[in-house]
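Going by the order they are written in, the chains are A, B, C and D; count residues from 1 in each one.
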Amino acid sequence: MSVIRSLDQLAAAVPDGAKLAIPADYSGVAMAATAALIRRGVKRLHLVCVPVSGLQADMLIGAGAVETIETSAVTLGEFGPAPRFVDAVRCGAIRLKDATCPAIHAALQASEKGIPFMPLRGIVGSDLLANRSDWKLIDNPFDANDRIVALPAIKPDVALFHAPLADRDGNVWIGRHRELMTMAHASKATLVTVEDIRDESLLADEAMAAGVIPALYISGVAEAKRGARPLGLWDRYGSEDEFLRAYVERAATRDGFNRVLADWLGRPAVAAE
Amino acid sequence: MSAWSRQELLISVVADLLAGCRHVAVGAASPIPGSGALLARARSGGEMRVSVLGSTRNNFFTNGGVELFDCAAQGRIDAFFLGGGQIDGQGNINLVGTGQYPVSDVRWPGSFGSAYLYFLVPRVILFREEHTRRVMVEKVDFISAPGPRADGTYRVGGPHALLTNLALFDFDKTCRRFVLRSVHPGHTLEEVLDNTGFAFDRPAQVPATPAPTPETLSAIRGPIAGEIAEVYPHFAATAFAATA
Amino acid sequence: MSVIRSLDQLAAAVPDGAKLAIPADYSGVAMAATAALIRRGVKRLHLVCVPVSGLQADMLIGAGAVETIETSAVTLGEFGPAPRFVDAVRCGAIRLKDATCPAIHAALQASEKGIPFMPLRGIVGSDLLANRSDWKLIDNPFDANDRIVALPAIKPDVALFHAPLADRDGNVWIGRHRELMTMAHASKATLVTVEDIRDESLLADEAMAAGVIPALYISGVAEAKRGARPLGLWDRYGSEDEFLRAYVERAATRDGFNRVLADWLGRPAVAAE
Amino acid sequence: MSAWSRQELLISVVADLLAGCRHVAVGAASPIPGSGALLARARSGGEMRVSVLGSTRNNFFTNGGVELFDCAAQGRIDAFFLGGGQIDGQGNINLVGTGQYPVSDVRWPGSFGSAYLYFLVPRVILFREEHTRRVMVEKVDFISAPGPRADGTYRVGGPHALLTNLALFDFDKTCRRFVLRSVHPGHTLEEVLDNTGFAFDRPAQVPATPAPTPETLSAIRGPIAGEIAEVYPHFAATAFAATA
């Protein structure tokens, strides 16, 4: 059965209440699919930001789609704070699971390896640990005088991201952005939007194959030209800085956010070249 | 007006702090630390690596987002920079917010990798330009990453220095206190005392931070200006007294 | 300082008594460097086979270079048992640390992550666990009714392997053979022989970069044309099956092994093209 | 002489055992299991994946040697094959050697991934052509991978069947015993009893293993012969009564 889907089919494959893993703004964010998700009115998401997020998390929060966010940070970087995230935190409107980047990576690796937890250095003495009842300080079984944090595995229901290329079998090229592969290995289902879908297999060439997530892990692929916009895609295209600057300003209020969101959802899709 | 800009002074201090490192990692959005690292690399005669996170061209990692952290845990990163919305006298840093948690008065982005790298990178340089009692507090409201403690936790890393617009501090890991090393030219000890919310140690005579030497300035503005502009184009356009 | 070395310089960089990580016969074995190691008379090696070995381990054992072997298997596959390994086991001449493939991978990943141990499923009730006093059965901190094996990190002193390409900076292309990257991350030093050394950086092209071990982890690179022979190198060239067939037969006795080893060490190197 | 070879019978049985699997992994040096998997894939109408380990062309993994094991732990591998120098009546298997340990009388290669995959792959098919009391023992000398036990250990996998040159057994995970399902055509129950060192259950009437149907034989020799030859060239040249 083909894994090629439409954007709306991808959005329909993310159930309300899903634990949804999303990458950082610089790592291939499926913004076109996020628009489709918001249009379909997705609810009660548990976002797992790998390891941080920006515009995508902020828009989903503003759209009322997020119940819980597990992240090491939410920020629009040089453009400023993430306004709907900050507002939701101040109102207590979302449940926070504050983390630190390597802890999110390690907890996904635990799921990838099918182990219940991963030990990790650092973290001891932080208020992150004090506020994460699901993280435990355990004895190092190999050193009676050493304690170490144990992080339970994070197994997302769905991983969602954008990449440059897929083939018709469902293999997806992610190059050096290996966190996307860990997300796919760790998650029950993986949905991907891509710039292009190729007819020839991405595994046919050994150089390309080194950067491929095999179809085995991929549940659905949809073509979405400029599918990361208004964010950028690696060295392929940059972000729309004017949009981001205006977003931070307009989304400072709920009404302003609703208007900027409506404008964005109303944009025509990028035509295929 | 001095012959060098505030940024050029800070870049010069950062480069001095990095002397002898084999591998320095900096963020793509950290132009002063990054420029200091590029200057230190130029001085090292090819012995120092600089990894700029989040960039494609200056990113030598190939194992995804986890590699920086694994690499630090392997002992392969000698220096890194952390900031903080609040920094306290025990070296605790807060990147989360003020007031209560989780419903904060002011919410910042979050802790990023601080809770980890602060334990594993030997020379963590706390870099925060704003030096006020709002930032330099007696006790942080939320500990994103704790300063060194005597609790037996495995820790090879921690605060090496604190660099602000006003001054440079060392951190004494035994006493767990900052020690003022120097006050930047144009500023005074009184200004530092007035603007610091935590107690710190200091020598009887506090020296002035050495101004960038003519050699350093010509390196910043000459051979490495291009590199800095390539990595930090917006910054390079504004920060230097003269840019190639 | 350049990382480019001669084969003899590489061999000199493996100290007697080193914990030496080597890949499986199908994953890029540095046989030319192994010849140099045997010529220099390396002693008391602790081999860590990732996760198994064949000809390379057998020759090093036959040459008296091995004190301990940590492996999930030693075999020459379709050509038969590894004769010097089998003989050394029967004589009690080497110390055995029998393992299972995923345990060796996981213990290297623990070193890669700088954690003291990695939990792993399976293994419970096996005589592997009963004979590995360094493996522990611990409580899962997240489930009082669950026990799981904890494997201490393996941190090799040196990883040694053969790959198709390096560049002058010391970046090494390993494509999909990702276990070689884990070995490099996990080890204190990594020595590599390659078919070719390129002038242009292997990181310049994003497709190639996805399969590159960065120079940061590489201590020395030596050019060795057909450096895996008599074994093969992935899809680049096959193994010398006649050599392997004859080896299994001749190395059945110590004298026979000494002769086949002498013949092999006496072979001329493959000339540069 | 029958109209099909011993290998063709075993391939047919393997393919039947794999019906309904989404993903089967086989070793590059396991031609009968591998051919059975390719046959099952051909029958599945594109619903089954087969990963041939150690080959380049039929290897769909991209994360190195660890991926097979991680993939199994993720629940993404439905069937795998294990052998053993010794197999006992509790489903314990020995790939290490006979006599004492570590100084064995006979030393085999080692346990490979058995101690792990036996716990995590739902349908582990024990495949060993030699069916003698030397192999099928009451108790293995060394447990590379244990059969199921009631010790509470996390285990979603284990022995699904035991296939030999003589017969096919199921494994009853509750009683922890093998149950003879069928004896291959040309062999007898007495022959199985004489050559098995462990006790096993059996129905009152032991059926014969179904011979490959004409459709199965023509599939093996026809459409998938080329695939088998591509993956297992040495085997394909000798095993089939007729090869395309």
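General remarks:
Keep this in mind: contacts are C-beta pairs under 8 Å (C-beta built on N, C-alpha and C of every residue); 3 or more make two chains touch, one makes a residue touch a chain.
Please read these numbers as outputs of a predicted model, since none were measured by experiment.
Ranking every chain by how far its Cα centroid lies from the centroid of chain D, the top place goes to B. Put simply, the C-alpha centre of chain C and that of chain D have 29 angstrom between them.
Taking the mean of the C-alpha atoms as each chain's centre, chain A and chain C sit 37 Å apart.
Inter-chain spacing, taken between the CA centroids of chain B and chain C, is 40 Å.
Across the assembly, chain D contributes 56, 61-63, 70, 73, 120 as residues in contact with two or more other chains. Chain A has residues 106, 109, 113-115, 120-121, 146, 148, 176, 181, 206, 209-211, 234-235 in contact with two or more other chains. Judged by the touch criterion defined above, the protein chains form a pattern that is neither an open path, a ring nor a star, and not fully connected either.
Here, these are the chain pairs in contact: A-B, A-C, A-D, B-C, C-D. The residues of chain C lying in touch with chain D in their complex are 24, 26-27, 50-52, 71-75, 77-78, 81-82, 85-86, 89-92, 96, 98-103, 105-106, 109, 120-131, 145-148, 176-182, 234-235.
Listing the residues of chain B that touch chain C in their complex gives 23, 46-47, 49, 56, 60-63, 70-76, 120. Of all residues in chain C, only 106, 109, 113-121, 136, 138, 140-143, 146, 148, 150, 152, 174-176, 206-211, 234-235 touch chain A in the complex they form. On the chain B side of its complex with chain A, the touching residues are 29, 54, 56-57, 59, 61-67, 69-70, 73, 95-97, 101-105, 107-120, 142-146, 149, 151-154, 234.
Considering their complex, residues 1, 111-115, 181, 185, 203, 206, 209-217 of chain C touch chain B.
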